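Next come the structures, one after another.
Look for subunit A in each of the two complexes below; its partner is subunit B in the first and subunit C in the second.
And now, the complex of A and B:
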């Protein structure tokens, strides 16, 4: 082969260098990941916090203010409409997607294990492969007109947003729940059947309670995805800057406002900084979701 | 008797809802193809978009998407595979390793828009790269790295222990074992993982709006000099990708046929992503057969 040993170089030295190139190279890759994560947190936080420390907007005004009018005189920087918009769409999407995902997971693991997996697994994988802008496009050309013809009005709003999000997070929720269910020791299931319990009693009384933390992990990860999703929601939610009072009313989320306004504001202006503060809220929520998942995993291990 | 009725009802509800998901998927795919496929033609795939008139295509966007994917993979493959190898082979269980795991987990849960904003701040403004392919590729690399690290780690952990032990018994160095024994065995899963990640990169838009930009300069496809501003190969030019284009056409398209353009472009995007998914499986299988002696 090519890498013949050079005559004057002892074997031991070559090994030594080989050992260290590998160790150093892979360590650099990992250190890079750590540096990237911390610089994301640092840059977004320093920009997002300057709204409060440099521009003198109080945190309570930002988080609790109901008026968003950054170009008015006087300007208002209340982000509450967007924060509520984000939370409502995320919660509703999870509320729709979790039971559907649970049924799909049960179908795959409990009801028709072999065949169910063959039908549903590819469907779930394909659903997760569809890009979010395509979901937005479908939302805009199917869900919005549908809602318009059923309920009247414009059709855009929270309802359209959370329906699109629900389909988007369905693959995440389903695949994690299916993994959780199939990881359950067989003995539990069999002893329940041996006692004469029906399948539903087994599912309802044995399987769901024992796998609950893992099932909830699926829901939380789905919510994390829904909370951060930008474009699909922005296309169907209507983007009106007020606290929504009905599901069919046009509203905004944190991500949709950032998407729309970031390009039109100058760097360093108060308006721009306020948008960065919203990005910081997204970042903080990511950490909340990660912590939730970790807590659930810990409960799962016991 | 009553428990049995409940059981039957519950079972049928579960079956109906599970099949409902299949129906959603078939409906989605059917709708995208039905709306879009009639609009796809050679002209649509190659010509430049028109702002006000009808009849525009997606040629530059398609090229940008593919080029951006190549650039991103050039950045992600060495870093992602390296990180994954560290986690699988060098990391010892302990505080540092669990900290790295936490970092990977956090990094993979960041919303893509936040990564786009970070790219805007650091790459576009601070480093002065501007709205360019290179900024986009670096942002997508960040978006993609955690996934890559995770799949690589899994691929290496799945290699049978005996293979490694045989290498150690021969007195090889660890790095030699990794590159010449473990890597070939893990390669099929690595390739599958990489192609699957490519599908994700291909459809990503939010991280690109603020890094690769939302416009594409008029490209001269006869100019292959990477330094000239109109050359398609110039990595420092702004580049709107297919996914960003779909978003833009849908939310601010004013041309008379913007709906059709959006439908056609969505169909192209979905077809390409599906092609990535199918080829990932196929190539993984073929490489596996080549690398190992199995039939």
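And now, the complex of A and C:
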């Protein structure tokens, strides 16, 4: 008896300490993470709100003003052109990428699972590894001249921007959709086949309706990525601070204006603060996207 | 033992991250300390952090490498970062950087006059800009008034300034850019708004690419970016050449500034002197497409007044 008990004791003690070091370590990390997140939100919010509270620019002028001319006399700080630019490019990019992503995901999970997973998935994931400068440069060297030769004009503009974005968000959309599709219980599929449904009928009558909320999550996350993308879009969209009247006209997004001007303005100036306000708008939009995803997940569970 | 390995690794990373934060702060205070004291001339040491203008970045970087290779200055570390003129001026006046690189006078960027007064201007080179256009526009010479008409949107077709019947596409810099400020101040004489449909790019490489490829495009570039893919336009009949800038006949140029807060310490002063030395001015400055300070026969102040 005694012999059996002896080796156990130190082991128990060891587990005890392991348990505690683990707990302490994770708690420190969590506290650190929370501090970082809250300080980022606080920093962006305090900088962004000082435009309204210190510099006396009204929120309605900022969100609804069509004129952006921070260096002019008098200066105008209307961010509406950038907000509309961001929304149009993001929505169009999602419109282009979602059907492509859905088809790729269906191909990988339903149609040719073996080859699809082996060839198509790595190929699509590869897309997410390419730096955005490269996308921007490809856009500038291939898409812009192409649009110019087809439609005339300059070629830069929202059309070029959303085409580049659509390719960039494709991996996000596809991989989330593929995950959602492969998480579907096998029984559903099999019972559909058992009832005599063809594969196509199974896909559009059973699989897509049941996984729809999860599929939409993919679209929303893709849109969140598109909304925050800066560099690639900045290179092809043209960046004129006006509400565009056509898809081929130069326009700006919130991110492109921030990256273009942030370094050239001095901290604390009204121009700089206005840029931080745009960053705040981006942050708020990210919150909205996250909330959307949460809501979709909740619907998914029921 | 092996089960614990990832855990140990994670802890190590965490500790290293914290340590890295700590050491960065240390370096900062050290730099600030050496800023104030100014050490003996025999053995210079210290950290120089130059932040700001991307237009000046290649020169400062190259000069910094050469400077550190000189035996006398082997204990001085020069770090160079981009970030834009505004960032450079902000960081130098807040004491985060030793040197703030800028394309424009601090007076034109900083709103707080007290902060401007603390800064000492070191002009290290001159950069000139030329209006450029797409090859097929049929125009080679533009007057100041024609440029104003084009950039203000009054003239929208090249045929109105003596060229082909082609719509004008403006390739501009963002309104906060130092290059644009220089071009507007010395070529146009006034600030311009942004025309609907105009293009804005921040990188000179992209501006060159777009002007060269887009039919009817007009833009402006620093002399170092000019090549055969575009037409370099004469300004009021004067060609944009180094000689014309030095003689004062071509007006579209600006100083490249390296600002320090107060009088620089010995190491920083040595670095600034080194950039202004013949070795850098005659070789690196011209190589990289800037114009050396020594060649300039005219001087200019903040208000734009030119003195012979």
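Simple rule for what comes next: the second predicted complex is superposed on the first by the 280 of 302 C-alpha atoms of A that agree within 3 Å, B and C clash if a C-alpha of one lies under 4 Å from a C-alpha of the other, contacts with A are read in each partner's own complex, and residues count from 1 in each chain.
Everything below uses one rule, namely that a contact is a pair of C-beta atoms (placed from the backbone, for glycine too) under 8 Å apart; a residue touches a chain by one contact, two chains touch by 3 or more.
The shown structure was predicted, so the numbers you read here are calculated from the model rather than taken from an experiment.
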Combined model on subunit A where subunit B meets subunit C, clash or fit: clash
Which superposed partner A:272 touches (first subunit B, second subunit C, both, neither): second
Which superposed partner A:54 touches (first subunit B, second subunit C, both, neither): neither
Contacts of A:140 with subunit B and subunit C, given as first, second, both or neither: both
Touching partner for A:191 - first (subunit B), second (subunit C), both, neither: neither
Which of subunit B and subunit C A:131 touches, first, second, both or neither: first
First (subunit B), second (subunit C), both or neither touched by A:249: second
First (subunit B), second (subunit C), both or neither touched by A:262: both
Chain touching more of subunit A, residue-wise (subunit B, subunit C): B
First (subunit B), second (subunit C), both or neither touched by A:200: first
Partner chain(s) touched by A:29 [first = subunit B, second = subunit C, both, neither]: both
Residues on subunit A lying within both footprints (that of subunit B and that of subunit C): 22, 25, 28-29, 140-141, 234-235, 259, 262-263, 267
In the complex with subunit A, residue positions of subunit B that touch it: 3-4, 6-7, 10-11, 13-15, 17-18, 20-22, 24-25, 28-29, 31-32, 35, 78-80, 82-83, 85-87, 89-90, 100, 102-107, 109-115, 117-118, 120-122, 125, 142, 145-146, 149, 173-176, 178-179, 199-200, 202-206, 209-210, 214, 243-244, 246-247, 250-251, 259, 262-263, 266, 269-270, 273-274, 276-277
Subunit B contact footprint on subunit A (complex, rising order): 15, 18-19, 21-23, 25-30, 32-34, 36-37, 39-40, 43-44, 47, 99-100, 103-104, 106-108, 111, 116, 119-120, 123-127, 129-134, 136-138, 140-142, 167, 170, 174, 197-201, 203-204, 221, 224, 227-231, 234-235, 255, 258-259, 262-263, 267, 276, 279, 282-283, 286-287, 289-290, 293
Subunit C residues within the subunit A interface of the complex: 7, 10-11, 14, 54, 82-87, 89-90, 94, 109-112, 169, 174-178, 191, 193-202, 206, 209-210, 213-214, 217
Subunit A to subunit C touching residues, read off their complex: 22, 25, 28-29, 68-73, 140-141, 144-145, 148, 154-156, 234-235, 238-242, 249-250, 252, 257, 259-269, 271-272
